[in-house]
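Please see the structure below; I have some questions.
Each chain gets a letter, A, B, C and D, in the order it is written, and its residues are counted from 1.
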Amino acid sequence: MKVKLITGRSLQQGASKEVGKLSEEYFNNVAICELDPSDMEALNISPGQNIVLKTKFGEVVLKAVKSAQAPHKGIVFIPYGPWANLVVDPETHGSGMPSFKGIEAEVFPAKKEDKILTLKEVLEKISGGK
Amino acid sequence: MEKIINNVVCTVCGCCCDDLEVKVKDGKIVEVKNACAVSLSKFQNYNGKERIVKPLIKENGEFKECDLKEAIEKASKILAEAKYPLIYGLSLTSTEAIGKAVELAEALGGVIDNTTSVCHGPSLIGVHDVGLVTCTLGEVKNRADLIIYWGSNPIFSHPRHLTRYTVFSRGKFRRERGERKLVVVDVRKTATAKLADIFIQVTPNQDYELISALRMAVKGEEIYLNEVAGVPTSKIEELADLMISCEFGILFFGLGLTMSLGKSRNIDAALSLVRDLNERTKFLIMPMRGHYNVTGANEVIAWQTGYPFAVDFSQGYPRYNPGETTTIELLTRGECDAALIVGSDPIAHFPVSAVKHLMKIPVITIDPHRSATTLISTVVIPTVITGIEAEGTVYRMDGVPLECKKLVEPPLGLKSDEEIINEILVNVKKLKE
Amino acid sequence: MSEILIKNGFVFDPLNNINGEKMDIFIKDGKIVEKVSSKAKVIDASNMVVMPGGVDIHSHIAGSKVNAGRVLRPEDHVKDFEVKTKVTRSGVGYSVPSTFTTGYRYAKMGYTTVFEPATPPLKTRHTHEELRDIPIIDKGCFALLGNNWFIMEYLKEDKLEECAAYVSWLLNAIKGYAIKIVNPGGTEAWGWGKGISHLDEEVPYFNVTPKEIVRWLCKINNILNLPHPIHVHTNNLGKPGNYVTTIETMDAVKDLSKNGEASIHVTHVQFNGFAGTSWLNLASGAPEIADYINKNAHVEIDIGQVTFSDTTTMTADGPFQYILYLLSREKWVNADVEAETGAGVVPFRYKKSNYVNAIQWGIGLELALLVKDPWKIHMTTDHPNGGPFTHYPKVIAWLMSKKAREKTLNKINKNAKRRLDLPGIDREYTLYEIAIITRAATAKSLGLKNKGHLGVGADADVAIYNLNYKSLDPSKDYKLIKKAFKQTAYTIKDGEIVAKNGEIIASSKGKIYWVNSKVAEDIQESMLNNLKMKFEEYYTVKMENYIINESYLHKSFMLNVQSEV
Amino acid sequence: MSGLILTLKKELKVPLDASIISPTNLAGKTMDEVKNLELWEGNKKVKINEIFHVEGENKEEDLTIKLVGDFSKARGLGFKMSGGKLVIEGNAGLRLGEKMKGGLIKVSGNAGSWVGSEMTGGIIEIEGDAGDFIGAGYRGGRRGMRGGKIIVKGDCGVEAGAWMINGIIKVYGNAGIFPGIHMKGGTIFIKGNCEGRAGAEMKDGKIVILGFLPSVLPSFDIDDIKDSVKVEEEKISGPFYLFTGDLNEDGIGKLYVSINSNPQLKFWEEFLERVI
């Protein structure tokens, strides 16, 4: 399904980053993707299931979460963090600021074998240059 | 032995709430009153399992603990030998430490940038072209009858903003919620939007078009299109009338404007809209600054160099050009050969293209806690936590400066950011001679 | 500490009636002394002019609105920068210099003391942080009180003593030096997007008038025995015909002069000296204002000279800055401060060819030349409003040389030239008079006993200019004057040579002056008890966090003043 | 060829301030003088011959300098040049031809952002793509290029001709958003597509777009339909919609958009009839 990707702050991301950037709490609150209920239906995925999000800039596996800030059909939200950065648009248009919001993306239900990367795996993936 | 410390300044977000009540027992914080969820989490966890207490140096891929002297010397050597080092972060520390960092950047002939680059940098670029018609938050509390949040979700990002400063606050001329109107413009019906009298859902990346139409409506020009950015023209005109007819209005804008298509020009347009409204009524605008001292970093860097962020000292004097001297571009173009990161986690928050280069060059990180960035660093220097274990000056999002307090003693042997940066500076000056 | 002997200079020290006498000056441990040992370092000042270090009574060098100006104008900095040296930090100019550059450039010109004239109390912690980063010169700041909610409410309720106690508490709390009044009541009205246009107009919701506010604070200034009179930026600044408001404001405190001293300092009067009814027929109100000052002992002024340049205007007069924006349609910063004041910043280019700008230039000089007693005049450009402080040498040349004035008069807008009295004024300032309006009178007005003179016990702040007084005819050699005042041969600060031939050779920390005002404890206490509740209602910070710890002043100089309550 | 040839000795790792390299600045200098000129590589001062092989001759008044290598990290090539030729075989970095007054700059590869920033005369030709802010100005200065010509054969980034006052920008490929933002005068011609927001906040001047433009800002008014439009001496045939704006800035700028490439703009015609 074609969607627009928004990344941003969330209360849980804010609180859990204070627990620790390497903590499980942080992982659980950041390696997620908030979707509009109707979109989840259309994709036929239920909360807790994994999804794959693809953009021009990369792809990432995330846990699907039913958005508490719906309706926003066709818009998905990922909290700031290492997972979001695998798919955001680095283009700054000479402003110093990458494009963290409104990125063209595609969402699919994850296959069994796609699992959510740990932070270490994310860093390896990046340094591996994939 | 137990004591209550009152009027504590919170060092989490740009609200810098200064009414926290902290109970300290046997040198430990046991209770915090008036704090929001994020603040509470900070007080509960600041000294938890992620805390670093010993300096670390990476040798063939493995971290080994070392003493502060060794870490400082290693860091100084890396930085002094670099042809184009970068100092980045500086929004989670005191202005005193930031001032020292500017001096270090000058001594190194490097670039100093703070996290403004990736939050409200575009806002400052907009200000360079248009100006900024603003006020302190107390003006809003005392006078505002129209409050607009655009691309900002304070309930999550600045949890006490509405209660302390805006819709739910109690001021001299506005006593209760009923005397104020709340408008929220966002791409999603956010937690803040749910509290709004009027919610306007804008199509992602079309804020500029919407502001453009709003400016037309405010000027009384006819808008030919039936709909702009997914918003019916009638609704745009309704909002324009509301803005013109209010007694004192304010527009708070967040990263929804600075990060989406148009960046600094979205802000340019918003600043112009508010400026023009002053021909009709009193209207002001304010960026929702994120970290508790990101504003302070801009202030210090500006008074010492003339420019608010992204300052290049490579030729012995301050030069500035966002897009050229900003961190993301420097890293993406692969132009820095060493980096000092102070209280920030770029590895977790930068796009892959920038992270890749940071992973290629020696990185020194000064941080109280482990993070994605400490993981890839060559040298990690632990530090005390400003606002809890050390005092220091911070600037609220509206530029009101506050002194935060030292509440408890830091873990043994840890020094403050200011002290650490100063020791590196002293070393670097020796090495440069 | 070292000893210095300044030999054979032509000394100008008006406070000690020394007018160009060839004599020696002795320095020991940072003070002027009667003699020094043979070990003293000797500076040969023969054929040079020796003056006390310059004292600037009104220059916007630090604080939130100055920094807003810096952030607003990268294009202003990029054309004027300073590279770091062994002893100096790098920085930028031009009209809003960075902090380090500000200190160095003042020191190079022989200025050693400068006062920031407009700090919003709530943001004064910021002002002190910047003052701390301005090297070499001594500093202090004036607190903006002319639109303060508590003061207006005390006034409405006629609680003079309690209000005096409040002002005393506030000055201590923020480490301020004097009472500054900007567009009394008008900036508060601007909080609603409105303005105030005459002295008897009521401030919305507070029901007091500008005239009442000025008189009230003047009385409090007297009660507290503050070292400097109320420092007033009048209403209607920058509006045609405002010279009337200026004279009315002066006259409002005529009866409040204490033992013949000035009861009011009216600042940058050029901006308040407009005659005429519109921009088209704008004229100089300087003759009328000068005439009033010549007839009345209770008034002193600084001129706020326009120097024709691209600059950055900044005041706490929010509504005026908005008018300026409407005229220029360029960039505009506004920054209202809760319960206290406001501020505005607008870039502005003064052009010789522009009628209004040319008239403004004339008003400033006419004021300085038509007021007979130089002790009532202070030389300023209201930096950076009329032009950057680095333009002072130009102003000195204009004051000392009719020829220099004529040279500029021939370049300015012809109609303006025709309408000004300036062409007909022959007076030329002497060096002695220049010393008065740039250090002696200013130090005296600020109540700085150890500044502005070279008598024994004075601070060893000395400016030595490369100017052969005997062979000099300032009237003809105004170019030499300009050159000499641009950079000293030597600037000595607290007994240390800090600048030599325009080079900074040593950098030091300057003192921060503030008044420690004392009132009876019982009055203070009852005031504080009443204040607390309202404070929390009006402000968004706690009272405790409003108070600025003395540790912010790296070199604190506390002036104790005992009040009459 | 005659003139100087500067060949890069090594790959640039940190920014090189190349603003001293211009025909105007090097003309009349002996080879030795040229080789010993200093420039900044990061925070280190280096001599030209530490970075370049310098060959050729430096005789004529009207000097030609050929640069060979990848100059993506070089800043300010051709800074303030007032004559002669600067030929870059490879890519050029940021601020190419900044404050240029005259002469010719040719780039065989791509160029970075701020090409011809604040230029007043001369010609810059880019065979490849150019970055953002071509012909724009310095932050906060509110003054873009005031004369001269910039030709980009490939694509350009955002804000081409921001704050432009006079002169000509021609982009044969596609353009990013905000061409002509805050424009006060001069001409911008875009042969390919434009990502949008053309002429935003413009006060005056002319923008011509031959390709696709997703939408026209609500702050523009449709004025007319034109068969053709003149760009310099060249007559570009349309037909074009002629919009004026930006009304938010009381602008009278002219925005010509090809009718054939933009059927999605047809609905504007209805308002056109209302105007006439």
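Quick note on the criterion: a residue touches a chain if its C-beta (ideal position, glycine included) is under 8 Å from a C-beta of that chain, and two chains touch if they have at least 3 such contacts.
Computed from a predicted structure; not experimentally measured.
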{"item": "Chain C and chain A - chains in contact with each", "value": "B, D"}
{"item": "Chain closest to the middle, measuring from C-alpha centroids that were averaged per chain", "value": "B"}
{"item": "Chain pair showing more contacts of the two, B-C and B-D", "value": "B-C"}
{"item": "Geometric centre distance via CA averages, chain D-chain B, whole Å", "value": "34"}
{"item": "Averaged-CA centre spacing for the pair chain B and chain A, given as whole angstrom", "value": "22"}
{"item": "Chain C and chain D: spacing of chain centres that average the CA atoms, whole Å", "value": "46"}
{"item": "For chain D, residues that touch 2 or more chains besides their own", "value": "113, 132-133, 138-140, 142, 159, 177"}
{"item": "Shared-contact residues (touching 2 or more other chains) in chain A", "value": "93-94"}
{"item": "Per-residue overlap in chain B, given as positions that touch at least 2 other chains", "value": "125, 128-129, 261, 313, 315, 320, 322-323"}
{"item": "Touching pairs - complete list by chain label", "value": "A-B, A-D, B-C, B-D, C-D"}
{"item": "Chain B residues within the chain A interface of the complex", "value": "12, 37-38, 40-42, 44-46, 48-50, 117-118, 121-122, 125, 153, 155-157, 159, 187-191, 193, 201, 204-205, 255-256, 258-261, 263-264, 290, 310, 322-323, 326-329, 332, 345, 347-356, 359, 369-372, 375-376"}
{"item": "Residues on chain A engaged by chain B in the complex (per definition of touch)", "value": "4, 6, 8-11, 14-16, 18-23, 57-58, 67-72, 75, 77, 80-82, 85-86, 88-90, 92-102, 119-120, 123, 126-127, 129"}
{"item": "In the complex with chain B, residue positions of chain D that touch it", "value": "13-15, 17, 40-44, 72-73, 75, 94-95, 113-114, 132-133, 138-140, 142, 159, 177-178, 181-182, 197, 200-201, 215, 217-219, 221-222, 246-248, 268, 271"}
{"item": "Parts of chain C lying in touch with chain D, wherever the complex brings them together", "value": "72-76, 78, 330-331"}
{"item": "Complex interface listing, chain A residues touching chain D", "value": "93-94"}
